[in-house]
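Before I ask anything, let me first share the structure, which is written out below as structure tokens.
Here the chain labels run A, B and C in written order, and each chain numbers its own residues starting at 1.
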Amino acid sequence: MTAFDIVTSGFLISALRSATPLTFALVGETLTQRTGVINLGLEGQLLVGAMCAYAMTAAWGNPWLGLVAGAIAGMALSAVHAALVVGTRANQFASGLAVWMLGFGLSAYYGSSLVGRKIESFESIVPKSVADLPVLGSVIAGLTPTVVLAVLIVPVSALWLWRTRTGLRWRAVGESPEDARAAGANPSLIRIQAILLGGLLSGLGGAALSVDYTRTWAEGMSAGRGLVAVGLVIVARWNPWWTFPAALLFGGAEALSLRLQTADANVSAHLLHCLPYVASLAILTLTYVRGRVSSAPAGLRAVMDR
Amino acid sequence: MHLSLRHISKRFGATLANDDVSLDIPPGRVLALLGENGAGKSTLMKILYGMIRPDTGDVVIDGRPVRLPSPRAAMDLGIGMVFQRFSLIPALTVRENLALANPRTPWIVGSGARRVPGLLDRLRDIAPDVDPDARVSTLPVGQIQQVELAKVLNLETRLLILDEPSAVLSDAEAERLWSLVREIAARGIGVVLITHKLADVRACADDVAVMRRGKLVGRAEAADTDAPALLRMLVGDDTVATVSAEPVRRNALPRIWIRDVSADGPSGTIRDIDLRIAPGEVLGIAGVAGNGQDTLADACAGVTALRQGEVTVDGETLFAPRLEPRNHGRVAYLPEQPIRNAVGPDLSLAVNLSLRCLRSLPWMVDRKQMAKTAADLMERFDVRPPEPGRRAETLSGGNLQKLVAARELSGSPALVVACYPTMGLDVTASAAMYARLFAMAREGCAVLWISEDLDDLLRYAHRIAVLFRGRIAGVCDAGPASRTRIGAWMTGAEAFA
Amino acid sequence: MKSAFVSSFAHSAAGRLLLSTAAFITLAAAFFLLIGRSPWEMLSLLAQAAVGDGFALTESLVRATPILLCALATALPARLGLISVGAEGQLYFGALVGTGFVLSATAVAGPLQLPSMLLAGMAGGAAWALVPTLLRTRLQINETISTLLINYVAALLVTWVVYGPWKNPASQGWPATAEFPENARLATYFDSRVHAGLWIGMAIAVVAHMILTRTRWGLGLDVLRSNPRAGVLAGLRFDRHALAVMLLGGALAGLAGIAETSTVQGRLQASFSNGAGFSGFLVAWLARNHCLRIVPMAFLVGALLAAGDGMQMLAQVPSSVTLVAQGLLFVAVLGTNGMLDRGAR
């Protein structure tokens, strides 16, 4: 297999599909962190979203219902983070881990009966004949509704953050809650809203993961995607526009590891699975080496640097 | 809008911050509210701005009492306040900051809030040269204050409160501010100017009200009063302990040589600083805040690593790049904001007092001995309450300042670095702090004293060096005659001429 | 006066524990009601499954052992204000290095094999802590995020070796290394899987407590945690202390890993930790990084988790019910402490 084959024979679409769940989570976490709150519970929200979406799809046979259920479940779990962090001012990292543990437990508990069940999921959004088009045919043919949604959510969230009064207030709260309050915003309320929106998007990401990407349910199936997302927010410099390339980076690493596995049996699959994490950590390190973290919201820097 | 405060009283614990204060604020006039630190003028204005609720008394607008449960409510009534600590968000642009505070901002604001109509009208009036798309963090402090003013005026403000507005400004910027205040008042807006500077009163006030210890002790038209009369009202009949600086032997070898020092700190950089301080000399550092003062202090105290140059004491290098800092008690450091820069807030007073000798403690720490030493020190420096087991964060600002002084000045340092050492202290405690600092100088110590209060610097220091954009703009002997030169250096007018 | 007494009790260690427990029981009861079971029945079954008989009790102790060590591995960096969640990865990597040592170093046999294996495991854990520490001290990269990310790498490395190069050909498809030789195992007690790692962990907890509270070094950690700038005035170097606490913590987690692998499981297997690193993190928070309080808390959480299999049999619920309970416990503790601290401000 040549490098050219890697790109054309579906590499791009598998990177895109792998990046889809992450994009939702990443955009959500970016918006949350913009208000000065970090949420490690993302991992648990992905799991709960994935489990609920899978259960709903299995029960009703409609993947759209699954997406809705996943989004609601993710938001519901993130309410725990909101209550702990905004309500009782608990440590953000610890609270996120608590939400993760809870989400892991709940999804494992309710998901135990779902293991091995099959579902009907999304079809490609275009007719099969498109796949025969040269170069990009296979990419377009592989597009499912969740991929399209993920691609759309990026500009929407960017416009939301940069061009609306709400986005302006969110950014102000992330920079300085006191000054934002003086300007008439309610920092606590805004942070709760941002955490819940992050929860909704990560739940959607979980749904995309189980219902569309893997089309199975397994305990702990998000495998660190949520934590990777928290790291990639920094790489994307808290800018929604940059979340998509950052997510593609992870997706590309995962797709590459799957490609290499099928191409060359000598490289261990388990070793290759390290690739996305190592790549994320490496690019995160590179971001810091180049000193690009100065764009962090000031309120968030206070949390992360202590 | 004619606003009156009627019989306002407010108590915080044991102190009566406002004691039956009644004050009229007519429209279109500038009222200077004078008072020392802790006289109760800030409390009174915070009541007026809805941040604090009074125990008794009313705020009356045009004859009707009003309720002020929050700043929002005050803003809705047309009361606006500009704080000493600006409330603009540095990472956002001028437009974004204005849009954030403007209640008429539509939901779609456009990129960089460029689509909000009418946003810049007031700013154009008062500060046409401010770039509306610049981030606030890149603006000089005078312009930041102008944006802040525009922000408040955008809210249809009819009464404007300015909290110590000239404290952070250079003389030229202050003059611009004074003419602005006159213009604003000319439009029929009432202005309250909280200050402790007589210069502000002379320059732009119509009326003067003076507060002392929570009471309103005098009110007059500015034109009818002279400086001595005001001063008497300000400090009352208290005889304030005056401190006299000692003459200094200039021919002596320098005790401290800050030699060609450059350093980068979180709040600024300094470049090519070269200063020599003789034994017993008090060298004042003047300059507008944010020109590298903190970094200079940190560098001289060994807190920030030097990038270039060295700091020597009696000819021996203490701090230099790539050199493990060797202090051994020879540099005493009184940084600004001790709670952030000098103490562990959740640690006991005993631990905080033994911080400097932590590394020479025995491996197994004797807590009893530590508490005993601490109790002695706190008695000597009048730190209250003198409980060694108490956590530092529970002390008042003034007592924290004394706590740090107790730790730093109780040894025998060769250099004392003092940043705004009297901030948060009342008149008597300030005098005591100065007395202590200058006593150190009399014993042969070199003192590097950073202050924003030019009057105090001119009165007490031997020489004054001015920091401008991280460099020494000039050094001169202290004395009333030097005021204009220093002012020019502070604003960079002849920085490198 | 009465309310002052109530408030000071609530803020004491015992008061916090009591309120957290009450909050946990309330949340757990709500969950049991949600799944249609009687809270009282479920809680008593839980207690029975955790400590009901000798076997349950010893299994709880076995489960508590790595959690205890991992909690200490979390508490040590926390004394400097570092929030490390890396115990999980350090545990895996410690087990990996320790196992590698035993598999390769046939020369070191006899009485020296056990201590040198333990040391190798500790070195492995410490090495795994080195990367996040350097990222933090050199580049200011948040240690919580970096430790979480490389946890996965360590776990996957273990999976790789047990499926690949170190796989025991005699184990017929089951991915695991060869069995540890008899003298590379810790002593066991009570005719059960309870092993000497428990005593080692408890001894380390006591020693760590003494060092942290009585010595100059411990005081230095307090100063640097409270205010790094004050630490500089005291002549303390944050970087060196960070390196020390992180590596020591890593060594303890590595010890947990190699002890569990060599003695409880007898061979290196994939996903053997059962989340002990994360449970340890929870325990450290429960004990508010107090090394002595960590011991009972580790037993509490260990017992809760060990009850999972028993619950499957006794109450016919999936064993992950205890994972839910663990999450609820963490939420209860954070909520209670957050509210108490907020009231104190």
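Here is the rule we go by: a contact is a pair of C-beta atoms (placed from the backbone, for glycine too) under 8 Å apart; a residue touches a chain by one contact, two chains touch by 3 or more.
Here the structure is a predicted model, which is why all the values come from computation and not from measurement.
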item	value
Furthest chain, CA centroid comparison against chain A	B
Maximum inter-chain contact count - chain pair	A-C
Chain centre separation (chain A, chain B; CA means) in Å	46
Geometric centre distance via CA averages, chain C-chain B, whole Å	48
Separation of mean Cα positions, chain C and chain A [Å, integer]	28
Complex contact set, residues of chain A against chain C	40, 44, 80, 83-84, 87-91, 93-95, 97-99, 101-106, 108-109, 112, 219, 223-224, 227-228, 230-231, 234, 268, 270-271, 273-274, 277-278, 280-281, 284-285, 288-289, 293, 304-306
In the complex, chain A residues that touch chain B	162-166, 168-169, 171-172, 175-176, 178-180, 182-185, 297-298
In the complex with chain A, residue positions of chain C that touch it	81, 83, 85, 135, 139-142, 144-146, 148-153, 156-157, 159-160, 163-164, 278, 281-282, 285, 317-318, 320-328, 330-331, 334-335, 337-339, 341-342
Sites on chain C touched by chain B in the complex	214-217, 219-220, 222-223, 226-227, 229-230, 232-236
In the complex with chain C, residue positions of chain B that touch it	301-303, 325, 327, 333, 340-347, 351-352, 355-356, 358-359, 361-365
